[in-house]
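Chain nomenclature is as follows: A, B and C, assigned in order of appearance, with residue numbering initiated at 1 for each chain independently.
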Amino acid sequence: MSRTAIPVRTADRPLPRPPLKKRAQAFGLWLLTFLLMVIMCVPGLWVVLSAFRPNREILAKPPIWVPETLTLNNFAKIFGIGQDQVAIPVLAYFSNSLIIALTSTVIALIIGMSGGYAFARYRFRFKGGIFLGLMLFRAVPGIALSLPIFMVWSRLGLIDAKLGLIIVYISLNVPFTIWLIDGFFRQIPMSLSEAAQVDGCTRWQAFWKIEFPLARSGIAAAGVFAFLTSWNEYALASQLTRSTDSKTLPVGLMDFTAQFTIDWAGMCAMAVIIIVPALIMTFLVQKHLIAGLTFGGVKG
Amino acid sequence: MAGISIRAVEKAYGAVRVVHGIDLEIAHEEFVVLVGPSGCGKSTTLRMIAGLEDISGGDVWIGQTRVNDLPPRKRNISMVFQNYALYPHMNVRDNLGFGLRIAGQSPQVVTERVNEAAGILGLSELLDRTPAELSGGQRQRVAMGRAIVRHPDAFLFDEPLSNLDAKLRGQMRAEIKKLHQKVRTTVVYVTHDQVEAMTLADRIVVMRDGHIEQVGTPMQVFNHPVNTFVATFIGSPPMNLLPAVIHEGQVLLRDGSLVPVPARLRAKTHEGQDVVLGIRPDDICPVGHGLGETDEGTDIALTVDLAEPLGMESLIYTSIAGQEVQAKLYGPRIVQASETLSFRLALDRAHLFDAATTRSLDVL
Amino acid sequence: MIAFLRTRRTALIPLLLLSPALLTMLFVVALPLGFSFYTSLTAYRLVRPETIEIFVGLRNYIRLLEDWEFWRVFGRTILFLAIALNVEFLLGLGIALLIAKITWGQRTLRTIMMFPMMFSPILVGFQFKFIFNDNIGILNNALQSLGLTDRAIPWLVDGRLAMFSIIFAEVWMSTSVFAILLLAGLFAMPRDPLEAAKVDGCNSWQVFRHITLPFIMPFAFIAMTIRSLDVARAYDIVHVMTGGGPAGRTELLWTLIARTGYMDARMGQANAMAYLSTLLSIAFTWYFYTKLMQARRYMGGVQ
């Protein structure tokens, strides 16, 4: 004990620097975070960067690290603008994806709002069981579900039709939309709706004037999540679509690999087209999405 | 003119009954407080009056209308919720005017009535704020304002003060009382706080386990509790209860000491009867330090276990017949623990309850 | 009587509200699943539609049970999930703790964290096919430029390396689910128990082990439940990156189903496999959901 030097601060001595251990820790933390960011971001950024580079630069040996030319040619090519065109109808895929994802999202949201409201506001028999059942249906692997749906849809003429995919995506999105929306409605005290009813509203009016506006941002988040699920889905779409009538972007992406040589630059450009809308939307609703997931899950 | 009439009202969730057929007549402009411990069915009763819970049995009448099958909006009532239930996405003005706009009132009428209510409650400066920008007391006032703008037949309050701190609670209690004096309307007020019940009510309804135990003015309930439950629930600190037996016209306590039977109850006791002697702390005082002389008293020497001086009075913990009791000392005198003093029991204000039924011998 | 009708009516409202959801699930999931169960009992081949009439009982299942190849794929799938999920959980926990400690730029970090979740699995597969490409991939280019290796490493051609690459892609895509939810758990954590534990003399490991970890476990179970709903997304990744190759070394249950059903057109057999994979997913989801419910009850008072 007595040997421990008591630090005395005299006028000529500088302020003691934080101990080495602390500084090493801070540096380690920074380094870890930096590495993490690199691993997180580099793959995506590399794809984005490659989308603006000509194929010969991507394929160059030895590799060219700093891009020499940046070009929009890859995008022009896949959209069929300019001289050298790719025989892949990206525009059609894009509009298919948009129509299918939007329609299925809107319908899944309506169904999910009605179901989520029931879970959040009413007590009924087998409530927990029904909720679990919905989740378990969602757990059926896409590829496993694609087999019977393929068989049924081919009888109903829904193969290679947008409607066929829309119906499947609705069912894919309903359980999770219910999970999220249930969480959002439960964050709104029941007494608000009751107060509105005492104030003269019907339950329906109370919902639209009070509960819906308050849950709106959460519902939007659920909508974005549903949209992205449809937008990104591959396993089912790859089996249920055939032509430009219904093929979506993820399925279209595989068109590139069907050729003898992979058009890396074209694929990268198409990847950018798929990912940019998704990233923008995620950025807009991320806060609500986390809130909905955790609230619905943790609080009974 | 709208009183509220509750006739044999029951509430059951499946096989579980939480309200067991209660009857209550509330007069026009009367302020009635439903009080009881949590789970006694008071809030459920209020919510049945509001129409927020289905009525499982019996009838509720508001004025001349049987409202059992009417939704809340058709009952012409307004309600103040425990958490205020202010609409977070509307400012104070829109919160106050919401009910009127739903009812299709013209904008002029809405503005007029909102301003009137804001004036009564001192909210005029706050009309453009959102609920998030208000303090607890201000939110409480907005909730009350929302209740009065519609000129309803009855106000329902569901534990409106329980989210406020002690000081604010006292203040708002007074404001609610004043508000009732200003806008004379029938009020049903639910609380678990007996002080609120005593101070606000024209009549108190004490409830327990889905039954009404006693209905009466605050002083009736305080002075003439019908059973040991009401006796201990109303009044603070609670009434002391001492198990005893009637022996030769005296109350025989567990340690063999004897206390005379209060004169008014002599005819109602019989030899060997198991009773409970109930006496409030205010009625056990050191001789000369009581609430004034009683005609009918008995002196008893007690040893002080603990004294809590509160300024002009002290709360004394002692024991009678081996059971802890609380007593009061009025005046600035300081008492020490283990001091033995002569206490006077004010027997004219003491109660006897039947040990088996817990009912007061006064009402038997 | 009227009161009775009224209670009946209010009991019907939630069922009415739920019915669109229930009907959708019934028609688009439950009925096809029933149909696929029936098909799994037949010798159905896509190219010969009349074979759906040939009832073979449990033969498809028995054949599966005897099929050594199938069990190898099944085992590989389980191993794949076990490795991927554990790595995701541990990494996610680490990242969450890291971000919770960082004060500067926390929100930005959290936003970046969320992005991989939103990548289409097919894109993730493509992205890593591009990066792990032995000839032009950025990884080999970097390793060679840095002089760490003088020849191209066959990331997607060698069986073991291909499996590693696929797991890497899977972990890259899904770690954020854990990180985001565990981070939310850390933010929601009350400070009092932490401080009480420190006052009681716990060191930082003990505080983490006995206070922090139990508190955030429900959040981990939410993440596990969400993950278990879409484990089969790995199909997309494998499909793009290796197509199950080389020589079936990265074949997972889901790619095997697709191959049997659509390439070999043996629908009956594929449906039998699909049924097993469905049961696997359901068991998995059910397990974690039950865990979540238990943890919730255990936390009890935390409202």
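The definition used in the following text is that a residue touches a chain if its C-beta (ideal position, glycine included) is under 8 Å from a C-beta of that chain, and two chains touch if they have at least 3 such contacts.
Since we're looking at a predicted model, the values are computed, not measured.
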So using the touch definition from the top, which pair is joined by more C-beta contacts, A-C or A-B?
A-C
By mean C-alpha coordinates, which chain is most distant from chain C?
B
Find the geometric centre of each of chain A and chain B from their Cα atoms only, then give the gap between the two centres in Å, rounded to an integer.
55
Need the CA-centroid distance for the pair chain A / chain C, whole Å please.
15
Residue set of chain C touching chain A in the complex reads 11, 13-15, 17-18, 20-22, 24-25, 27-33, 35-36, 39, 95, 98-99, 101-102, 109-123, 126-128, 130-131, 135-136, 138, 141, 144-145, 172, 180-181, 184-185, 188, 218-219, 221-222, 225-226, 228-229, 231-233, 235-236, 239-240, 254, 257-258, 261-262, 267, 270-271, 273-275, 277-278, 281-282, 284-286, 289, 292-293, 296-297, 299, 302-303
For a test of understanding, state which residues of chain A touch chain B in their complex under the given definition.
189, 191-192, 194-203, 205, 209-210, 213-214
Would you pull the chain B residues touching chain A in the complex into a rising list?
50-52, 71-73, 77-79, 81-83, 85, 87-89, 98-99, 102-103, 146, 150, 156
In the complex, chain A residues that touch chain C
29, 32-33, 36-37, 39-44, 46-47, 50, 58-59, 61-63, 65, 110-112, 114-115, 117-119, 121-124, 128, 130, 132-149, 151-152, 167-168, 170-171, 174-176, 178, 228, 231-235, 239, 250, 253-254, 257, 264, 267-268, 271, 274-275, 278-279, 281-283, 286, 289-291, 293-294, 297-300
